[in-house]
Amino acid sequence: MINKKSPSVAAAVEDVFDGAVVMVGGFGASGSPIELIHALIDQGAKDLTLINNNTGNGEVGLAALIANGQVSKMICSFPRSSQSRVFPKLYREGKIELELVPQGTLAERIRAAGAGIPAFYTPTTVGTVLAEGKEQREFNGRSYVMEPWLEADFALVKCEVADPLGNLTYNKTARNFSPLMCMAATTTIVQTKHLVAAGDIDPEHVITPGIFVNRVVEVADPVHEDTLIAEGASYP
Amino acid sequence: MSTGWTREQMAARAALDIPDGSYVNLGIGIPELVTQFVPEGREFIYHTENGLLGMGPPPAEDERDLDLMNAGKKYVTTVPGASYFHHADSFSMIRGGHIDVCVLGTMQVAANGDIANWSTGAPDAIPAVGGAMDLVQGVRNIYVITQHTTKTGEPKLVEKCSYPLTGPGVVSRIYTNLAVIDVTPDGFQVVELAPGITFEEVEKSTGATILPAK
Amino acid sequence: MINKKSPSVAAAVEDVFDGAVVMVGGFGASGSPIELIHALIDQGAKDLTLINNNTGNGEVGLAALIANGQVSKMICSFPRSSQSRVFPKLYREGKIELELVPQGTLAERIRAAGAGIPAFYTPTTVGTVLAEGKEQREFNGRSYVMEPWLEADFALVKCEVADPLGNLTYNKTARNFSPLMCMAATTTIVQTKHLVAAGDIDPEHVITPGIFVNRVVEVADPVHEDTLIAEGASYP
Amino acid sequence: MSTGWTREQMAARAALDIPDGSYVNLGIGIPELVTQFVPEGREFIYHTENGLLGMGPPPAEDERDLDLMNAGKKYVTTVPGASYFHHADSFSMIRGGHIDVCVLGTMQVAANGDIANWSTGAPDAIPAVGGAMDLVQGVRNIYVITQHTTKTGEPKLVEKCSYPLTGPGVVSRIYTNLAVIDVTPDGFQVVELAPGITFEEVEKSTGATILPAK
């Protein structure tokens, strides 16, 4: 029987290599795969390019990974927030690179990679500094910019229910970018709150079909970034 | 001397212009107040770009769900008939022209409808755009709610934005504490003055030519 | 309260105009909105451009609409099948136009229209006669063709469960093109087997959010094209 | 004289080359037989492009579900762990390179891997392409199962396809009744002969240069 189950978060992220491009699911705290990120901190891969909507909060999760000096470039739509201190500091010191991508374009570029679409046109950024240097073109009398797909070597994703084939469901707005990232990465690594048997998820309710998932590890009682931050936690 | 409408009154005035049954996306700040002033007999459905249609009011503190947030990363609830979806579907709703109205705050808005609300362009600023550029290009009606001037009295309605644009020529209507103003082919045009406010006061606080109400 | 319910299939298709572009959900018989199509036959709009994967079977549904002389152009991926007689005959007589689009490109062009993407690049058709006259371009050393979005004035769609806000779920492989067509049409008209109250569909299980739907009409006991054909039925 | 492998034997031979855990899309005809010959200890997951992953065998006639079909419009079932999705997601699986193996029938296949299996190009033919062009461009490994020659004895393995292409240079391996043949930079290369078949017989039935097994 096909079984994508990984024995531990450590085993699941074992082969993330220096210089890898890593997508991390979540929108702010919601859907952030904290346990997988912390396993990646323990694992120590360096010079990573990270793709996420934000840059993490406090000193846990994504922010801790950046603080640990493992990230050389960040691709995101919104790198600052009220709880975000690590990235802004490193960025101002010139120690980390930033590619700023509008949120909808970020989502669509990730989907495009998963869907085998090397580029597409969008009206977003037309007439702004973010369109500078980008190819522009008119369709039906309106201007659009061309945007390329955004691929990754790995995706780290948190879900609610998974089966051993990698079929996934999510919880509420914790879904956000995760289904897209599962499609776009060469190796998709998922932490799930509930691991159930194949067939236990109604085929009509599957959000991410197993074909997009490589490894599943059960984290039955995941910590939430907001809780950690409220406690003033830091990692490692 | 009157200072015109309050934040709540501006939001209520904007709500009056939103048709029944509209799909609405609200920016952070004053625009969020619109939900409190839905006119009698109308129903709006709120979209939040992180993947929820049918957003309800904030929950009681002890009823928060950590996985149920809006795009401003505040805890929210859902109304009956809500749905969750991923980010590509969410921005398809935006970019594909399915959202009827977006109400945004702003730093500047120009007489040709240009809006600048994402960056001061300062050299040491950390650029952060989020979904703003998708919203202004994708949503059919872009409304702005803003104080007429900055805290230091500088006009926010200008001939040409000095800050980097979020999008060119996209704003159709502006609600300030002093007036409701349309962006027309002839530039700013007052639609309605706040009680106790004269056209001359509006004109003096505006950094561009502005036409009086017809 | 928002209520998109239409009183009848006749009322639901009332404003389809001559020359309209109409998307029709379904893959072969599966998911075909027979009652809405038959209402459109009764309504009589002419010179329609129809978008569907196929061209209908037997003398009911899509095939009957074509046989009734209401369709001047067909956009599809597979216009012939064992039970398809109406279209082939009219096509050979030069009485109906055909735009042949590969199935995946058809789906993606429809989605693109719904997503505000005026064009995208795909490897499909590269090196074939179907790429002739299309713009081609290399990305990362591989050739792709550019494909434009495919919009419609109306979409006719069949679903399993709907609520008055237009939230939809489908049944098994009857889902196929329908969620995409709901996104791409100016006016989306849905026939549903079950009409339930708002809130009765779990927000996690909604496939088509109501924002993409304009009208919902309950057809509690829909006929299935395969059943009609087995019975040798014809319409009108 | 041996006529080589039967249809079932060709399908069984192809199945031997599909790794455990593969996501597989099967064309109509002989390729469909692959499901009957999955080697001991292996599991394949079948994708059908009309929106189902985890397709199972055909149902008993009285257990048919009219809304559960495959891309060939035949009634099917599901296996535990199946999922339904819409057409754009289904073709993302194809175009995005997520399907491991596609096994197709063909009219012609050329020594450079070109395949022609959608149209004879006849002037009165009604062109119908379905998902064939998406599959050959998107799936990582394109295998072909076909009789070595047409019913009238014409070679189907040719130097250059005379029929309109489905895709250029996409086929990697061919299973015929006479042999297993790879498409290599040097052209057709026999990998294995069917029992009782000589290389000379294969060569004679092939419309292109073909190399013997190494």
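Just so it is clear, A, B, C and D label the chains in written order, and each chain counts residues from 1 on its own.
Everything below uses one rule, namely that contacts are C-beta pairs under 8 Å (C-beta built on N, C-alpha and C of every residue); 3 or more make two chains touch, one makes a residue touch a chain.
Computed from a predicted structure; not experimentally measured.
Peer 1: Among all the other chains, which ones are in touch with both chain C and chain D?
Peer 2: Chains in contact with chain C as well as chain D: A.
Peer 1: So using the touch definition from the top, which pair is joined by more C-beta contacts, A-B or A-D?
Peer 2: Most C-beta pairs in contact, of the two: A-B.
Peer 1: If you average the CA atoms of chain A and of chain D, how many Å lie between those two points?
Peer 2: Their C-alpha centroids are separated by 36 Å.
Peer 1: Rounded to a whole Å, what is the gap between the Cα centroids of chain A and chain B?
Peer 2: 29
Peer 1: Starting from the mean Cα coordinates of chain B and chain D, work out the distance between those two points in Å.
Peer 2: 55
Peer 1: I need the residues of chain B touching at least two other chains; which ones are they?
Peer 2: Correct list: 52, 84-85, 88, 91, 94-95, 138.
Peer 1: Quick check: what residues of chain C touch more than one other chain, meaning two or more?
Peer 2: Those would be 108, 111, 115-117, 122-123, 170, 172, 203-204.
Peer 1: Once you draw an edge for every pair of touching chains, what topology comes out, line, ring, star, complete or other?
Peer 2: other
Peer 1: Tell me, which pairs of chains are in touch?
Peer 2: Going through each pair of chains, those in contact are A-B, A-C, A-D, B-C, C-D.
Peer 1: How about chain B: which of its residues touch chain A in the complex?
Peer 2: 48-52, 65-71, 73, 84-88, 90-91, 94-95, 114, 124, 126-134, 137-138, 164-169
Peer 1: If you look only at chain A, which of its residues touch chain B in the complex?
Peer 2: Its residues touching chain B are 27-31, 77-81, 87-88, 91-92, 98, 100, 102-108, 110-111, 122-130, 170-180, 207, 224, 226-227.
Peer 1: Going by the contact rule set out above, which residues of chain A touch chain C in the complex?
Peer 2: Within the complex, chain A contacts chain C at residues 108, 112, 115-123, 139-140, 142, 144, 148, 169-170, 172, 203-205.
Peer 1: Mind listing the chain B positions that touch chain C in their complex?
Peer 2: Its residues touching chain C are 20-21, 23, 43, 45, 47, 52-54, 78, 80-85, 88-89, 91-99, 138.
Peer 1: In the complex of these two chains, what residues of chain A are touching chain D?
Peer 2: 1-2, 111, 113-117, 163-165, 167, 183, 197-199, 201, 203-204, 206, 209-212
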